[in-house]
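Letters A, B, C and D mark the chains as written, and numbering starts fresh at 1 in each.
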Amino acid sequence: MLKIAVLGVGRIGRMHAENIAAHPRAELAGVFDVLAPAAVEVSEKLGAIRFDSVEAVLASPDVDAVLIATSTATHADLIEQATAAGKPILCEKPIDLSLDRVNACARTIAGSGVPVMLGFVRRFDSGHSAVRRAIEDGKIGELHQVVITSRDPGMAPDAYVEVSGGIFRDMTIHDFDMARFILGEDVAEVTATGSRLVDPALMERCDDYDTVSVILKTASGRQAIINNSRRAVYGYDQRVEAFGSAGMAISENHPLNHLRLYGDSYTDQAAPLLNFFIERYAEAFAAEIDSFVDAVEQGKAPEVDFEDGRQALILAEAAIRSIAEGRTVRTSEIG
Amino acid sequence: MLKIAVLGVGRIGRMHAENIAAHPRAELAGVFDVLAPAAVEVSEKLGAIRFDSVEAVLASPDVDAVLIATSTATHADLIEQATAAGKPILCEKPIDLSLDRVNACARTIAGSGVPVMLGFVRRFDSGHSAVRRAIEDGKIGELHQVVITSRDPGMAPDAYVEVSGGIFRDMTIHDFDMARFILGEDVAEVTATGSRLVDPALMERCDDYDTVSVILKTASGRQAIINNSRRAVYGYDQRVEAFGSAGMAISENHPLNHLRLYGDSYTDQAAPLLNFFIERYAEAFAAEIDSFVDAVEQGKAPEVDFEDGRQALILAEAAIRSIAEGRTVRTSEIG
Amino acid sequence: MLKIAVLGVGRIGRMHAENIAAHPRAELAGVFDVLAPAAVEVSEKLGAIRFDSVEAVLASPDVDAVLIATSTATHADLIEQATAAGKPILCEKPIDLSLDRVNACARTIAGSGVPVMLGFVRRFDSGHSAVRRAIEDGKIGELHQVVITSRDPGMAPDAYVEVSGGIFRDMTIHDFDMARFILGEDVAEVTATGSRLVDPALMERCDDYDTVSVILKTASGRQAIINNSRRAVYGYDQRVEAFGSAGMAISENHPLNHLRLYGDSYTDQAAPLLNFFIERYAEAFAAEIDSFVDAVEQGKAPEVDFEDGRQALILAEAAIRSIAEGRTVRTSEIG
Amino acid sequence: MLKIAVLGVGRIGRMHAENIAAHPRAELAGVFDVLAPAAVEVSEKLGAIRFDSVEAVLASPDVDAVLIATSTATHADLIEQATAAGKPILCEKPIDLSLDRVNACARTIAGSGVPVMLGFVRRFDSGHSAVRRAIEDGKIGELHQVVITSRDPGMAPDAYVEVSGGIFRDMTIHDFDMARFILGEDVAEVTATGSRLVDPALMERCDDYDTVSVILKTASGRQAIINNSRRAVYGYDQRVEAFGSAGMAISENHPLNHLRLYGDSYTDQAAPLLNFFIERYAEAFAAEIDSFVDAVEQGKAPEVDFEDGRQALILAEAAIRSIAEGRTVRTSEIG
């Protein structure tokens, strides 16, 4: 049994804690949160120890590994501390909003040999990963184009958006990682376009965008197109399409149920899409924990690592610069 | 060029006349209708001769073949007359509402050598025929079950229903033929159930049903299930499912167009179904003419013949008896 | 917390035990199985007490309720014993293969006031229950026809089939209950057809069928069509269609994932269906436990009760008689 | 009856001639082709006059209008000649490969009052036009993003590609027009990416691309994404997605038929897509003729006009420049 402590038990940390508790080869070694009531509630509900400090967690011999689900600003520090304590890490994305800080963190933990896994949960979705497997199995031949549609069901609260680091670092970052996962090759060029259509006033205030389109290109010429919106009224729109020389693989959306309705003005109507990531990626979050447990137990490299987190942030930086300068930006110009 | 005259230019006859006129290896040799204005209109529109009598049509050396689209009561007589005149025939279903009359007609035309094709148009639908082809190609292995869903978009006018001969002879007859087409084996047993749910008063008055379910079984045990309703508000519901030892083939419905709509309470909504048979089976009607032209030109047996029309009527009679007696009826008991 | 003991921890009982252990308002009070090793394994894995006898379970003050997942032949006895002990019951279907025994059991437990819930799990499927809700919400108007497609992915072992009581009591019984659930009205008439197509030799030996079609009819004329096969190579085929005066609702199949593949000879290809009931109805099994806990905690009548189990068995008996006598059988003739 | 002569009776011209001949309010006034045998064949097949020269066509009082389906290099000249002769024109796209020539042509015909319709046939597709109608009807609220997937089933012959003017002027031009049709607003900015993945050697030789992605943006911030490939093995991939504040509308692909196949390793498999534009847009080509006849008969402006052709070419020029300079290009910089 791998004993994992959870740092930060807000909405996501709590879900991770439940998944750890339910995992057959893991157990919840305890929880910590700067907001004590949240930690108390989760520790009582799941019958887990509540730690009083990060230091206590990292010093505990009953903690084999940590899951970091605290606020973004603390991620890099905690990664450094846990690495120093020799505790394997599963950290929620992003590592940090600053590429400089990420690079510094990378230098700090270099050579430690402590596994750091990044929480790009979508890689563990059964549909998205089936797309990648179809490519690996040669089902679509040589990969030519990837189309990623990723639209949130609704705008996050203003307060969240204001400190999010902008759509590219906060939301598109998942799609940048998905593009890398599917492309199977480093991205060489980034071209982005942003608009303010969902909440223009907020976007103006934050110098941010709510509607973006991005084209990525690899050295060999493979293309990935990402389109994002902060609000899709029909639910959480999450599709991945891979087009190749011998076919195409699409990971389709997940409606709430398998009902189809027919009426006097329509046919074959499905339910709205699962809404939101906790529901849509429920199985993927559990599979992510499983992958982490596997990696630590078997001494394997994590399926998604620190460098994947850094590369996704580089693409975000490139997209921001692309819009600012109205041009295609090479990733070699960043970081 | 095969010169085909059309007898009866109501809604269906007129469509046949247009298809003949548009066929590359056929021409419209003329039209006849007991209602002169209908014949005048069609003959003018399509630039075809208007005949004054059936006799004139059958006597004309410029008529190679006839398409019979008159009222049902006249079909058997016209088949006998055209056969006597040596003109190949494409006759709309059903041959007659009376099995005795059909049997008499069969005796009369026996040995004439004149091809008689029956207008079971659905056999020429690209989806339904692809189901049969999938079976023939071994795609689904040994056939076990057939499910035919066939629902009209709305009840025909009372006056039509009253003289229709009842739902089994008028509407289900198409499904009986489709079942035979897909089953590829004679039907041995028929069990039927009927209800009055769409227009109970009219059904009561006509001693008819508007909602029926029928199970057919062949000697080898293959089963076909037919479900019919006289009114589906979402359009003309026409599906054929064939289930076998190695798979399944389904001919799906045809919506008005390929649009899919997503809103705040639904996703993936399609348009209503094509409505009604003239639209839904437009391509099949053209393919039917093509098959007739082929058969006559090349001296081949028609793809659907008089005996197919007689067998479908036997199934209708068996269904009627099954309901009347509350039991499974063997086709060998009929006719 | 409702403390539930599980009697019988074969494949299904074990899954129920896990669902109880994971339920937020229930706990696993212990397990019992006549095969001690199975009980030991489950009790160790889930950290639950292992009882040595049914008597011990029923006598324990730490057992609030029991879930019966033993072999069918013991169900009625255990229901009687647990009722006598005042323990609320969730019993796997069927109650018994003999209607006489079921009727006797009904008399024995009459008036006890102890809740007995029957495990017709499909009622708790999100798609199937959405069909019923659509009907209740008036989305399809007056209900006219129900079509239930239910095909197992593969034939059970011979030894299982031989003691199963035949396809109607063992497999179709789920569909009989589903038909009752969707029809919302008692079934008045049953007409059935059976064939031996999947494994003719075994079916001959057991005087059983592997391929059946059944038509049910209510007093008001609503029809339900059930088609069953013991083997669908593409997976566990579970569809429910409800057709009414104002529309149609369909609960569609569940493929393994949401991938769609396109190649040079096909498009839009989905994965095989989930296979088998443990996977397909995983959420429904959990929802069933939830419903049971709710009913017991709140003193409500169970959503599926003993009488539902008895009625489904009456339909099975009627189907068997229908085939034997080649006629439509009224349910009032049975039991 | 509008008497229309067809100039150029290659594959497309011939199809137009047939559609004109079949149109209820039009007739084929004759054909002309520089290759006499082609003209002879079509004129004989359709029973139409064969003209010996363009001049003869334009001088004929029996020609009310002309359809130009000659090679691209002749379009602008023929538009000028026909305009001078006062004959309304339906011209295949593109007007010319050179924007300068198009601009000169625009000046020449300015003020003539002769209707010139451009053959952007996809606007007349029932699915694509339903997307636009859904927007106009407010079904998806304010439009935010358009995604156009457009992939040919296979690379055209080298000889064709070499003189095609490049993928943007030859193939993407249809998608540029579709984007304008759906966006309902002028495009302000164009960003494009091109790759050589299908036939790198040919593309290298022609300084062309076979795989491109383009982002368009309007002044108000609406975005359109186009992705093109010269070869999709599963058929002619033609999808249009419009995403807005209140929903989404998608025009889906057209498989060869409505069959769905299930086997032991897959479910719900559809047929390959219709292949190629003559089949896929058959109805749209007929509807285009209908729109032209309507416009001329009723003195209305054509639904797609010369300026639409010019604007699409401007977008092509902008895309070419965008790739060349690695930057976003404003349409105001072009032409």
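To be clear about the criterion, a contact is a pair of C-beta atoms (placed from the backbone, for glycine too) under 8 Å apart; a residue touches a chain by one contact, two chains touch by 3 or more.
Keep in mind the model is a prediction, meaning the values are calculated, not measured.
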**Message:** Let me check something: if the centre of a chain is the mean of its CA atoms, which chain is farthest from chain D?
**Reply:** C
**Request:** Weigh A-C against A-B on C-beta contact pairs and write down the one with more.
**Result:** A-C
**Request:** Measure off the straight-line distance from the CA centroid of chain A to the CA centroid of chain C, and report it in whole Å.
**Result:** 40
**Message:** From the mean C-alpha coordinate of chain A to that of chain B, what's the distance rounded to whole Å?
**Reply:** 57
**Overlap residues in chain C, where contacts from two or more other chains coincide** = 233-234, 246-248, 253, 261-264, 271
**Asked** Which residues, counting only chain D, touch chain C once they are in their complex?
**Response** 233-235, 253, 255, 261-273
**Asked** Which of the residues in chain D end up touching chain B in this complex?
**Response** 22, 126-127, 130-131, 134, 139-140, 246-254, 256-264, 271
**Asked** If you look only at chain C, which of its residues touch chain B in the complex?
**Response** 141-142, 144-145, 147, 149, 151, 189, 191, 193, 195-198, 211, 213, 215, 217, 221-223, 225, 227, 229, 231-234, 237, 243, 245-248, 326-328
